[in-house]
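Given below, in the form of structure tokens, are the structures.
First chain A sits with chain B, and in the next complex the same chain sits with chain C.
Presenting the complex of A and B:
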């Protein structure tokens, strides 16, 4: 009886889930098909696995180069983001000083600023610093735009930690830096890890500022490389090659998500749900 | 106690990067919107509110503005309608809640460019998943629709966008619902409340704050929308897909040929910021209520 009453709910949910899974699976499957097969075989699995599509995307589409660009720039950015944001968040949530709330708000307000507003001034500043069209310039910008959310997330995390240990370590004669380094930071590691995962996924997929800042083909990140592959596709109609590219781009984030989704979702919702 | 030196030392690096590469550039946008400035090397000429007057008379600007509002309100309606609907369904005591949550959120971890390539193929008139499915179900006429024709492309893009964002807000709403004490629903069940009663009299009031934050996040995302419609438009984004963000980009950098109307483009940026902040203030005011104790 209850199963029958819940049937509509199951159908509605499964319809959505089936569509999402089928759409993504179908892209991955199409990456292994031949050009003709992609157009005719619909949802059928590939007749044989054509790995050469991946070779084309990786070498001719140059996604191999862009992949290493993305890995370097995203990992470096995430490291730097955490390096500057964690101490700031610690102080903003645990220290007592005048203007603390105003300073926190100043950090958080960045989350409301529409990123396209930055296109022109950022381009101008990087040109002035002679960092336009460089991965260094993009890294700095990635760090800057990720600070508001990361500080917000970590401030909430530090605030939720118990204060007894902090007090005890100070009584034991630890300096304030030692207390942070050896007592509070280890306790905050789960939060820092969550921030790292979220920033990794966002920056891996970041595309608008990369589009504005990067110009020369050898500097492209993966989303940009995929975008140019997609545009070239209009002339070559090499759908399997494009889908191989799509697969290369989405595999890392989907893997991270599959392994760490619980942590990610907990982090995403922590700020919104108190 | 955390000493003054440590406070300064810990906040300064983040603040310096954030100021130099985020806040000051944002502020600079206001300033440069008052200039006629065509190219990074060239001299800017002060023209007061001239750029804003020009925006007022620019039909392409109004088209972008209208598209942004359509995205915000029509898209927002469907996103939240579906997010609420699926929150109720997933929370109605069915098996597999965690798995469903995982799949609904999945599009949000995938690159926007990858998603747009996927949707371009779903919408492909001859070979696409949509039309071939329609045909195989017997809808010959509907199976011939050109989903990406100028008339349809905006709505086709919006449908794909709704699919992405529903999962995002579903996660937030579900997390809010999880915090509601179960005995409230049990008590309601004893009173004979149906699903709708429970939703309207328990769930909505209890997740009010999560709803407010969700609306604010949606406003921010909708006003700044750039990546998805831009990638969806392929080589040359058709005007039907212009949002404020895309028009800003085109005015600043052009698509195939550079345009470099930098002052004008930054004026569009100011409009975006003002739009986002006034809508956020409005929503917060409309959603304000006394703190609920339980």
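Presenting the complex of A and C:
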């Protein structure tokens, strides 16, 4: 009976999974096909594996360079975001001081500002700092924009941790920082991993801000490079080259998710069952 | 061997080292995307130029098709750009039309590395199109023609022994193709600027190439009620009614239509001369490309040799720090050897009339060589009234072309919208 009630939900979920997997499979298989084969063979496997499509995307489309830019910017940004947000979230969730709620609400308000509204001020500030069209400038913007969400997310995690452990460590002579570093942070790791994955995925795919800030081809990130590749490939009908580019872009996201998904799910369900 | 190499080097030196420049970096913002073959040729040309002029280097930004918009924003923000390129009509309606480009009349009259002047090397009709208000503010270096591209073998198999030059002959030929079991005409329903060429050509053939601009400039909009418009709409509607354009095409999204040509399911398509290049690796080996001029409508005022083109031009923005060096590079890029490289490697038509084009577009070169005049996109409407051209004319036409509105609704709509356009302008 329970199964029967859940059946529509199962069907919907499995249909969605099948659609997503089929779409990804189609993209990956198309990346190995010839130009003639790609638009007419549907989900049939490629007649032969054409690795040269990846070579085209990597070298001619310069995805290799853009890939390095993305890896450096995104990894550095995620590290800096966590470096700033984790202690901030800990203090905002556990410490008692005047203005704590107002400060927390300020971060929540920060999440509500639409990014396009920030384009002009961000561009103006970066130009003033002489950091427009630079990877450093983009990294700073990525960190600043991601902090409100990350602090909000981690505040929830820290708030759900038992306060007894914190009190015990203080009684044992730990300083506030040691309590945070050696007691609370390890316990919040699923939450930190969740924050890392979510930030990694959105920054890896981020397009709008990068388009506004970056100009020089050598500074492009992978999404900008992919857009440039798409523009170029449509004029030469090199769809397999484009799909190879798409495959290159999605693989890191899938890898990060595959490696860290358990931690992420644990983090998201943490405190859900008492 | 070394003698040949030496001659080659001295030739390059002769072509490029016409002016000596101190340390110069030419900032070039490009209309092409970096992976495109045209960009690769331009890169090679820049390398060649720098080799012959070691003090000149290039700083290139590959912006793609939105280059002019990007350049204008950058210029407004104080960025200095020495050289840029964009489509000719867009430039005439934009930077050049607004006097924001350096006049290139001096460059046109200057000596070419191949002998004669730079202007002498052009197809005269092409250079004439680059002129605006008695001055040349841009120099085209590559271009496409809009023609009816076809699979020559399929036309032959259908018994079409002679390429038709009249509308009646064309319709008969397409009927023969259809009877042979192949779809006659491919279209892409979602690409309004492809489909608009049916009406552009029909109006040009029936009422002459000036008619469209007159209709747009008539502030009452009443010129749209001219019988030429009804006739043109009837002729294109008949292609659908006769099944020459297959019904399923109404739902085609690019590149679905041209794929049917690549796979031998359709014999022809009215499109730019980029088609054989786009489909180069999708057609079967030995595919025979042909391109015919848009046929003449019997009793019309136009000329069957008038051909619509889409050209790409260099321009030097006003205020460029290294305008002189940029112009010297343009001179080099228009030389015969540079243009031949563009034609051979990027398989595109080029401005230098002495250069041979790739085999797959040789019919296009012939059409250009025989053209009485080369017509701008949308018969000049895009240059004069770009917003009217795309938002009103192309948008309305695509609806009538795909059968979403009737011919009468189109005409009444054009009358009203033309009136409204001039009232709000």
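We take it that the second predicted complex is superposed on the first by the 240 of 274 C-alpha atoms of A that agree within 3 Å, B and C clash if a C-alpha of one lies under 4 Å from a C-alpha of the other, contacts with A are read in each partner's own complex, and residues count from 1 in each chain.
One rule holds in what follows: a contact is a pair of C-beta atoms (placed from the backbone, for glycine too) under 8 Å apart; a residue touches a chain by one contact, two chains touch by 3 or more.
Quick caveat: nothing in here was measured; it's all calculated off a predicted structure.
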Superposition on chain A - do chain B and chain C clash or fit: clash
Superposed model, chain A: greater residue contact from chain B or chain C: B
First (chain B), second (chain C), both or neither touched by A:217: second
First, second, both or neither for A:242, with chain B first and chain C second: first
First (chain B), second (chain C), both or neither touched by A:154: neither
Touched partner set for A:170, first chain B, second chain C, both or neither: first
Partner chain in contact with A:35 - chain B first, chain C second, else both or neither: second
Partner chain(s) touched by A:60 [first = chain B, second = chain C, both, neither]: second
Shared contact residues on chain A - chain B and chain C: 39-40, 231
Residue numbers on chain A that touch chain B, as the complex places them: 6, 9-10, 12-13, 16-17, 20-21, 23-24, 26-27, 30, 38-40, 42-43, 83-85, 87-88, 90-92, 94-97, 103, 106-107, 110-125, 127, 140-141, 143-145, 147-148, 151, 170, 176-177, 180, 201, 204-205, 207-208, 211-212, 222-223, 226-227, 230-231, 234, 239, 242-243, 245-246, 249-250, 253-254, 256-257, 261, 264-265, 268-269, 271-274
Of all residues in chain B, those that touch chain A in their complex: 1-4, 6-7, 9-11, 13-15, 17-18, 20-26, 28-29, 32, 40, 85-86, 89-90, 92-94, 100-107, 109-114, 116-118, 120-122, 126-127, 129, 132, 163, 171-172, 175-176, 179, 209-210, 213-214, 216-217, 220, 223-224, 226-227, 230-231, 234-235, 244-245, 248-249, 252-253, 262, 265-266, 269-270, 272-273, 276-277, 280
Residues of chain C that touch chain A when the two form their complex: 33-37, 39, 60-62, 64-65, 255, 259, 262-263, 274, 277-279, 281-283
Residue ranges of chain A in contact with chain C within the complex: 34-36, 39-40, 56, 60-62, 215-217, 228-229, 231-233, 235-237
